[in-house]
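Here's the structure, in structure tokens; my notes come after.
In this document, chain identifiers A, B, C and D correspond to the written order of the chains, with residue numbering beginning at 1 in each.
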Amino acid sequence: MPVVARRLEDALTAVTDGCVLAVPRENSGVAMAATRALIRRGIKKLHLIALPTSSLQADLLIGAGCVATIETSAVGLGEFGLAPRFTAAVTAGALTVKDATCPALHAAFQAAEKGMPFIPLRGLIGSDILKYRDDWRVIDNPFGDNDPIVLLPAIKPEVALFHAPMADRAGNVWIGRQRELATMAHASAKTIATVEKLHDGNLLDDPVLAAGTLPGFYIEAVAVAPRGAWPLPLPDHYPADGAHLTEYATLAATTDGFATYLDKFVHDRHAA
Amino acid sequence: MLEFRDEELLASVIADMIGDVRHVAVGNASPIPATAALLARERGKGRPYVSLLQSRKHNFFTDGGRELFDCAGQGRIDVFFLSGGQIDGEGNINLVSVGDRAKPRMRFPGSFGSAYLYFVVPKVILFRTEHSRRTLVPRVDFVSAPGTSPPNVYRTGGPMALVTSLCVFAFDAARKRFRLQSVHPSHTVDEVVGNTGFDFDMVKDVPITPLPSADSLHLMRGVVANELAEVYPQFASRIFGVPSPAKRRQSGSP
Amino acid sequence: MPVVARRLEDALTAVTDGCVLAVPRENSGVAMAATRALIRRGIKKLHLIALPTSSLQADLLIGAGCVATIETSAVGLGEFGLAPRFTAAVTAGALTVKDATCPALHAAFQAAEKGMPFIPLRGLIGSDILKYRDDWRVIDNPFGDNDPIVLLPAIKPEVALFHAPMADRAGNVWIGRQRELATMAHASAKTIATVEKLHDGNLLDDPVLAAGTLPGFYIEAVAVAPRGAWPLPLPDHYPADGAHLTEYATLAATTDGFATYLDKFVHDRHAA
Amino acid sequence: MLEFRDEELLASVIADMIGDVRHVAVGNASPIPATAALLARERGKGRPYVSLLQSRKHNFFTDGGRELFDCAGQGRIDVFFLSGGQIDGEGNINLVSVGDRAKPRMRFPGSFGSAYLYFVVPKVILFRTEHSRRTLVPRVDFVSAPGTSPPNVYRTGGPMALVTSLCVFAFDAARKRFRLQSVHPSHTVDEVVGNTGFDFDMVKDVPITPLPSADSLHLMRGVVANELAEVYPQFASRIFGVPSPAKRRQSGSP
């Protein structure tokens, strides 16, 4: 049964050093407050899997030295430019990047969701993405004739972590249109969600709310973290904090500036 | 002669390329392609359907982040836009890195969906305003997605053209080469040749890129600009003078 | 752009003789009013694909001589017993049945949804279902070692047909938790939905309703058909009409009784 | 000695088999397995989680009809119930047809999810009240799902037992055979042998099926019966005397 944790930190115990951690794309509900809590705890050697891309979350974790490997289709700050700590780590050869393409990550999570060992995907053939992925295979389509097709192994993370608008006390989490969060939870052994608020009553009792609800059955722990995606957006709730992201991009351009950012916005508990 | 901005010319050119299709999708941070798609829709009286992926309002997706790719896989996206940190003369695009992959000189964000969409969207329009030997290279350092594929590889899509700040290249998949289709007004073929790192085909008299019609400019500056302002307020303000909207009310939440 | 048809019959023009028609299971929103309209029109030689089972809908269509082939995991009337016309047709050797298993149909529709030519599925090996499906393949899992696994070809119906609580004038259809209806629409070339009522405004404008909405982009035509799933249930709206289904089971046990049923409940326009 | 009904005995036996697991799912039209699962939950103080697929209220699925199967594929369903028009001595079940497949003598509805769930749910309990040579056969005419698989075939689940109106058979996958585990009170081993079409293993002194405890009967007739009445009102009324509820209000609709 899911635990509704009193403290954010208590909800995060399943995220351990070396953990295979799945996180959503920048506009699907990123658990930024939880991410800052993990950095404060000093988490190490994460194997981060972005579904299918990441922005500030990955850059912060990489800059803070928490990540050994990242599997992703992209890490960038969008209109705020490149992700400076990601870029610095890669050009320094200090980070293992498993480059993918968005639909491959979606499909590989769906394979795990369905208990399938692999899933096929069109495209990819002739790309260097495929060339460098020795965990992917090309077979001749058994239904075709001389028709090569890529097979991707299922991705089964140990923990999925995201932020959503609300949960109820049974641990049901309302995710709305962000269906990839359901797939992420189904594919992962454990799922932790932070939410803006608790909903009174059971989300599954109302057919309209139920349609956008990830059942508590899949949830390990929930914690309330108001504005928990900040400075990233929470769809339909608040936009990205552009001024803050601009400040981040500027500070994180240097290691000293990044340290200043961590001090000010991560390690200072009042700011987090 | 009509006055117009470079952005208006590019959007007009791209709108012409879109043609009579059902569905155009435009990725993030692409105001000029978005302008083109919306212009095409206005000119087509509501067709094509335009999805602006950056906008909650201007796309219909309710099945999560996978739906764009599933939709493309179903053959339901006719036109998409891609770019590249590097683009080469065979239409290969690089969104990953420059230099040795293990310890690259430059790292870009990553390939996003290109390695799939380039294969399954019939008309992919490459768009890169920076026209230089840095961006348009003889051979990309990393192939995020190849411009062409062997005949036995499943491929229903690929590049149709490359639009830059200087010119329009058409892509010939059979020849695996670009052809200089037109040069934008106030630019020259020599300028294009001098700033392009790859070889391309060219006829003797390269035409000037067709200018936006009065009707297209009228539409862009009117209805299109207003639609755009929802998604690209700064762009709509800078190019079309749409007043910056007041901070919009958050849409309803449960 | 989807058409909101004025008459139910007008919405059904895409369902032609010989059509590969996908329909949902008995408790997901079966378009029974539309089914009766198709029988009245005298539709023939349907290739019916149930996602993943069917009950009264398939039995009626089979009894009325509209079906050449059915692909399904089951046809039965649940607590009301066997499906009499299905059973009679099969024992008479008058119907081609492609027997499947529920997750195979779900997976094969998802393959089409994802533009994949095939999808793997565990299980099935050693079953006679697999034995009689010459359109399925067994390969050795390329990620395993002497690990046979079944591959199913994608199912791409020509038309999907279902009933839902509501639609708006843009053709967006609210399907709630019945996510297989979205997959069915994504997988099918055209989708026709009947609905209880029209919703004022756009379903996609409200994040809570949008979470349960199938976008009009996938919809060919919508028609309003109040109680359009009757006598089957519409989840959260009305239950099955048990008395009617009991009457059906009794009448349909004989060909004469079935003819009486058709006369009374299908061909009599007032009853339909 | 306590008075009890046959249904109470069967539910009690099945509840014992369920054991200490996380999640039991019960398919449609299965009131006795549903009673057993709810009894196990009461005895386990809320564990296991019970999904009654027939009930909107008693299952959590929000991802469409596939979620049950996906959930099982993820290893998140520990116990499920299957039946068969025919069941044979190797645990094969037939939900399709009797006689020649092209033109069968009898046609059942179909295999439903059995050909998958039998492979991936660790404890599948076969439940068939009719104990006869018609249902329990030497060899099924159609294998909807096999009782066992070769060692190289991926299989994390399979039959653990077969419960009938006469007895309990335990299944031994290594021997591919059932073993008569117990005979229900007021029935005999001879009756079982006479009505079973397949061979099975048997010890000399076959025990009597354990009777439901007073505590189990109390729980079944109280909280369990009330929960059941939501889904199986007629069964709950007939067996446990729960008053038939007034026609329930339809739950909220959008």
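The rule we apply is simple: a residue touches a chain if its C-beta (ideal position, glycine included) is under 8 Å from a C-beta of that chain, and two chains touch if they have at least 3 such contacts.
Please read all numbers here as calculations on a predicted model, not as lab measurements.
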Chain located farthest away, centre of subunit A as origin (C-alpha): D
A-D or C-D - the one linked by more C-beta pairs in contact: C-D
Geometric centre distance via CA averages, subunit B-subunit A, whole Å: 28
Euclidean distance of C-alpha centroids - subunit A vs subunit D, Å: 40
Between subunit B and subunit D, centroid-to-centroid distance (C-alpha), Å: 58
Shared interface positions of subunit B, touching two or more other chains: 61-63, 66, 69-70, 73, 120, 154, 251-254
Per-residue overlap in subunit C, given as positions that touch at least 2 other chains: 103, 107, 110, 114-117, 121-122, 147, 149, 176-177, 182, 207-212, 235-236
Pairwise touch network: line, ring, star, complete, or other: other
Each pair of chains that touches, named by its two labels: A-B, A-C, A-D, B-C, C-D
Residue ranges of subunit D touching subunit A (in the complex, touch as defined): 23, 46, 49, 60-63, 66, 69-76, 120, 154, 251-254
Touching residues on subunit C, where the partner in the complex is subunit D: 24-25, 28, 51-53, 72-76, 78-79, 82-83, 86-87, 90-93, 99-104, 106-107, 110, 121-132, 146-149, 165-166, 174, 176-183, 209, 212, 235-239
Subunit C-facing residues of subunit A, complex: 103, 107, 110, 114-122, 137, 139, 141-144, 147, 149, 151, 153, 175-177, 207-212, 235-236
Footprint of subunit B on subunit C - complex, ascending: 1, 112-117, 172, 182, 186-187, 204-208, 210-211, 213-217
Touching residues (chain side subunit B, partner subunit A) in the complex: 28-29, 56, 61-67, 69-70, 73, 95-97, 101-120, 142-146, 149-150, 152-154, 250-254
